[in-house]
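For reference, the structures are reproduced in the following blocks.
In what comes next, chain A is part of two complexes: it sits with chain B in the first one and with chain C in the second one.
Right after this comes the complex of A and B.
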């Protein structure tokens, strides 16, 4: 899957389903501190990623992911593995 | 003794979603009963139910707030928001004062069943999502509303089957009388989704008068064939009298009596003795004689056994006084966990507007109901003291007495 497509899907569900402020979306945005994604939101992101990309996020793989850019990369690596 | 008054009401029901709508529906004897085709597809014996649509809360509540709210919680949110506004309680008041919540609820089926279905398919609990646990617990209404309205007082759910909503008001009254709280949000909520009433339907307790939905709920009528399930939510703001006066609140009525009892007999069948005991205790608590009661809002659900035992109990206490009786369930169906609180609102509106709403579809009395003064069409009547009954599975009984002040 193209990186641009992944970005589009992720940004779309963050805005539409997690209701993140669209103005906060940027590569450098910190998931927790800038976008306000908390531990409960993360559970829902696991569900949404499974629906859109067909794989289950493993919490231990997410431990080093802090920015939105890193999150796109993580999904790209999993989807295109 | 500290006195307890009702200063705000809000309701989301099949006969109306505002106080005005509900008052008019009561006066005109409007039925809220209809057919839910999904019930037939699911395997219900009866598709009859109170008809109401969930409210739209997007852009009203945040995503986190919405995702934790089950159907009955959505109803309860709207009813409570309306009740707080009706009572003149602002966001600032809630932030600066201790307000409690005691709310009746006794099921939250959809999240439980859907979570199970996800896990069967996916074999992964995370994929149930973050809202499932908060939607599926019995205390879902109070945990959600206490968070949304930033409440800092007593915070718990009252689960007492079909008397949950009534006990919530009674127990709240006791806490305020004791001086432990000045203001409590009370009420009851009832889900209506297709998953919520299936096992109850399985008992064969529901009416199958499918061709005439508006005539299906017939409390006290000899031609009844079962109850009609219904739902929604009803909220009452109860408050210590001096506290209400001091802040200039409008007072609907005083809660002067609360009586409870447990039959200790049968899991689904009521009994005359237990029902009578709850009413006698409420009368004693209120310090009133049966002759002084202007109206009884009966629990009567449109089942032969339940209606009969209640009629016998009412006759035992009120027989000589020909006290007017009606069950508003002829219009609303049985609002179950919500009923004890919604019926206090119905009674308050009748007291306020000086009328008795009809016991819809009461056409032919049976031996027990013939002894009562059942009001089958609306009458104008000024009322100062009213009693409302609520009885539930497991033999839990509650009676409340309201007095106009």
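Right after this comes the complex of A and C.
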């Protein structure tokens, strides 16, 4: 899957499901501090990633992910592995 | 009157020495001895814990009742009594309480089913005792707890409740508890969460509760919505003569009528609040949130 498609899917669910402000979405945006994603949103993200990308997020894999760009990269690596 | 703080700070009163002492005491004496002591202690508690006193007075005022010392005394006494019952059970005492149930078959059906579900708990009655009194063999119940309680209480609680297939999931900063919760529900197990105290997440919904607006945490309802599992409200209410009455109430809404998990969670929360009001109509003295609950 191409990265642009991954971006589109991720951005869409952040805006539609997590109700993130579209203006705040950028590669450098911090998931927690800039986008306001909290622990419960994270469950949504885990569920949606499973549905859209077909893999399960492991907690240890998420521990180093701080920015949206890192999150896109993480999904790209998992999907294209 | 303005109350200083609306949010629960995440700790339960009482130090580890007191908790240890209570469990030691109840290994040697009947819990009713504790009740007699409690009757003498409650007036001092009312006198010195003004914040709790005002919060309960506020609660009764919302019920349309004027200030009444006897009513507040009864609330505090019942709270103490139910705490003692909890320690009495945790001490491993053999004496049993009488247990009655309403709609418990709904809970039992969920237990018998293959899927996971969420239990919505509250501080009306003694939710924790429900986990002890509802014996079941099939599913493991994961109880989400906040880290503020003393280690001795957590350890004893875990030890006693493990016999009923109840395990603790402490809320952690690294969000690992959410993976545990999700895995439990995915595996057809049960997760129980308090639904009347905000802690660990800022997500909440404003609901009309006893005629005024109050903020309820969305956590349990969001999980039920996100993972598409049932949610059941469970209450353990104390009645006379060492009796606990367990209530299981289905919390449900038409999940297809609104879009998105947050909207579904909001509807579930409003349904739950109505059930909470219903229980408190039957047991008006058993509301045990000793902080300013309303906005």
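In this section, the second predicted complex is superposed on the first by the 81 of 81 C-alpha atoms of A that agree within 3 Å, B and C clash if a C-alpha of one lies under 4 Å from a C-alpha of the other, contacts with A are read in each partner's own complex, and residues count from 1 in each chain.
Here, a contact is a pair of C-beta atoms (placed from the backbone, for glycine too) under 8 Å apart; a residue touches a chain by one contact, two chains touch by 3 or more.
Worth saying up front: this structure is predicted, and the values here are computed from it rather than measured.
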Item to complete: Sticking to the clash and touch definitions up top, decide whether chain B and chain C on chain A clash or fit.
Response: clash
Fill in: Residue contacts with chain A in the superposition, chain B compared against chain C
C
Discussion item. After the superposition on A, what does A:63 contact: first (chain B), second (chain C), both or neither?
Written reply: second
Practice prompt. Quick one: classify A:13 as touching chain B (first), chain C (second), both or neither.
Written response: neither
Practice prompt. Have a look at where A:44 lands relative to chain B and chain C in the superposition and call it first, second, both or neither.
Written response: both
Worksheet item: Just chain B (first), just chain C (second), both, or neither: which does A:74 touch?
Response: neither
Item to complete: Return first, second, both or neither, reflecting whether A:53 touches chain B, chain C, both chains, or no partner chain.
Response: neither
Practice prompt. Identify which of the listed stretches of chain B (27-35, 63-71, 207-215 or 261-269) has C-alpha atoms clashing with chain C after the superposition.
Written response: 63-71
Item to complete: Go through chain A and flag every residue that touches chain B in one model and chain C in the other.
Response: 17, 19, 40-41, 43-44, 46-47
Discussion item. Touching residues of chain C toward chain A in the complex: what are they?
Written reply: 174-179, 181-182, 200-203, 218-219, 222-223, 226-227, 260-262
Worksheet entry | List of chain A residues in touch with chain B within their complex | 17-19, 40-41, 43-44, 46-47, 50, 56
Discussion item. Using the touch definition from the top, list the residues of chain A that touch chain C in their complex.
Written reply: 16-17, 19, 38-44, 46-47, 58-59, 62-63
Worksheet item: Once bound in the complex, which stretches of chain B touch chain A?
Response: 62-64, 67, 122, 124, 126-131
